[in-house]
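Look for subunit A in each of the two complexes below; its partner is subunit B in the first and subunit C in the second.
== the complex of A and B ==
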């Protein structure tokens, strides 16, 4: 029997992670609630400055909510593999280590995308922003690109810090600077969608996010083998 | 040993020559006046900071590729030297920014990416302190160093890609020869001093590992029999 290719192996890992999450659902619920809480806190901080301030800061606050929620979500992605030497079990399977990375990164992207249907409507309500159908589609596309850009390095560093002392301290310390380029581009792009784009700059910011997605997904896929072999 | 200190001596001699020339023979810049003289330190520090990060990237690939400890030592030495240069780069940049831009700091692309690089590489040094196993420490240092290098081209090209407060790179064609000379001399000076620092740091790291090897076996034996 021939060994399945990288794509099928990755999809199998993705299926495993989604099935695990579906049986529990605690992670998604906690992360969504956390995201809503971040949005509420920012609106409390800026609310007394007037509606205009809320509208101007909406894009940035939405990205920060996604970013902070992603840290919480990503930290959990290798927690399940800690129990009963599950990671060694995965590595003993006839799979490429890269397929573990791509499967988990896809699952993490999925969880971050799952935040959008809640966080975007909450933002429009609390921050008093009105979005047309085109803007909603633009935000959805940008969200997917940003989620992919956060998930790839996040998965690598979650694997890297697993079983390390003070994982909770190290993970944000290592991950935050790495995610700043994607965050900056997403904040700019969200701002252009919310406030209008008279100079036609949206496509260049989107290209930048996609460029980082490609770099991170390729580079992290190659490096993951070293990380996971050391962790096991 | 003597060769190692020769780098330091040459570097110090060059920086004295470059600085004296920059402070006396070189003319003040037309718009900024004498304040511009800090560029003879700031720009060479910036060039060498990026160069040392490039060295760290190369050493990290070699460490991951060969698994040899000497490359991990070299990577660590380069990262530490790069972090020192990065702090100096940001510090001299802020001193220059206050009289010229009117502010100590701005979230400009080059300043932001330079600060991110400092946090990146300082975080790698923090990561190392949490890992006891030398092999795992070497692998994770190399992986994080390779991925952190993504920021370095952004520091260099960011001012061209985005409109930013920080000016784009100058070239010898756009500068007076009397300004190019101290800049070049100081660039080599900082390079020699950086190599000296890296060699010293590598020697300390090697001695530390050797002393660990001497101390650890009896401890491990004791733990194994306990």
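== the complex of A and C ==
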């Protein structure tokens, strides 16, 4: 009997995760609200310094909102697998653990990308910045790259910590240091989009984010097997 | 590749300071049905989980069709299947969606008609579009059995197959085991329903405190907890 390949198995896991999230939208709603709150809190912190300060910090605050929201979202991504030992059930099938990783990482990327249509307009409103169509496209592309860079290690660590009682504490502690390169590059790139890019540095920072995406997606796909199999 | 479904040699597993299994030497013949009996905590589930490759043995070796399930994981999982206490179900997915997920991970050839037929074969035809989180324990078990049908393995590991099932469900298990046996599938069954299981099994292994206390023909197996020396 021929078995489905890695791509097909990953898509099956992705489809399952999207269907479950669609039926129980609690995670998406909570993560979006959290992101909006983070943006609001930063605006309150910087608001009394004047409009110019708000505008200058907009890009960085938007990235931090994505970053913190991603932690909340990624922590939740394995909750459905805990119930009834569903993850163990997937591992017992002759599936590649990498397909579980790629399916779940794709779903997590999708959820982080789904934050963009809310958080970007909220940022333009609260931080009083105006974005042209080109800037919106640039932000959208960067957002996708950043989301992928956050989702891959996040999915790996969520799988690693899912059975631990202290997941809520451990997950950010493990994840934040690993995500620093993507975070820094995204802050720089967003800043260039918001404030202008006279030196043409945007492509360099974008390439850096994409390079980390490639490294994380390849490395985490290989490591995921050890994370879930060695848990037993 | 070896045709012997299972060989355990000097197998042991320790959890902390407690040995859940020790000195397990066992060989299971092809197309046989073996009963694993013993009190709670005697090591039945641990043994099945080691064979399924979910738990690493502390000592000794386990070979599934000649391969170590922790090394040749994919090969062993293609040839064996575990039905555990857990259903491996996702609350929020319907019975049909659950089967679709398993099917899409195992073989892309099954359409909805085949899957609905499968659901009907275990009495869940009318529940195809019901959320599995609303299923009773027996219904969940029936759905889980369909996983094995989709996998079509050569070695089936059953952990308490009769638990949570009504009499009709228990009869379903009996006929299913008979069907698998007739197809040449090897079955290892851990059960507390000794009399019912004995009737289905060729051989039996009685575990006590993680060690093999008795091994032989299923029909001659002493009742667990009795004085084995006297028998």
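In this text, the second predicted complex is superposed on the first by the 229 of 232 C-alpha atoms of A that agree within 3 Å, B and C clash if a C-alpha of one lies under 4 Å from a C-alpha of the other, contacts with A are read in each partner's own complex, and residues count from 1 in each chain.
Criterion: a contact is a pair of C-beta atoms (placed from the backbone, for glycine too) under 8 Å apart; a residue touches a chain by one contact, two chains touch by 3 or more.
Remember, predicted model here, so these are calculated numbers, not experimental data.
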| item | value |
| --- | --- |
| Contacts of A:65 with subunit B and subunit C, given as first, second, both or neither | neither |
| Touching partner for A:180 - first (subunit B), second (subunit C), both, neither | first |
| First (subunit B), second (subunit C), both or neither touched by A:85 | second |
| Partner chain in contact with A:4 - subunit B first, subunit C second, else both or neither | second |
| Subunit B versus subunit C as contact partner of A:153, first or second or both or neither | first |
| Partner chain in contact with A:116 - subunit B first, subunit C second, else both or neither | neither |
| Touching both subunit C and subunit B, counted on subunit A across the two superposed complexes | 229 |
| Footprint of subunit A on subunit C - complex, ascending | 49, 52, 54-56, 70, 73-74, 77-78, 81-82, 84, 86-93, 97, 101-102, 104-108, 147, 151-152 |
| Sites on subunit B touched by subunit A in the complex | 64, 112, 116-117, 119-120, 123-124, 126-127, 130-131, 135-136, 139-140, 142-144, 146-148, 150-151, 154 |
| Subunit A to subunit C touching residues, read off their complex | 1-4, 8-9, 12-13, 15-16, 19-20, 23-24, 80, 83-86, 88-96, 99, 229, 232 |
| Complex interface listing, subunit A residues touching subunit B | 153, 156, 160, 164-166, 170, 173-174, 176-178, 180-181, 184, 215-216, 219-220, 223, 226-227, 229-230 |
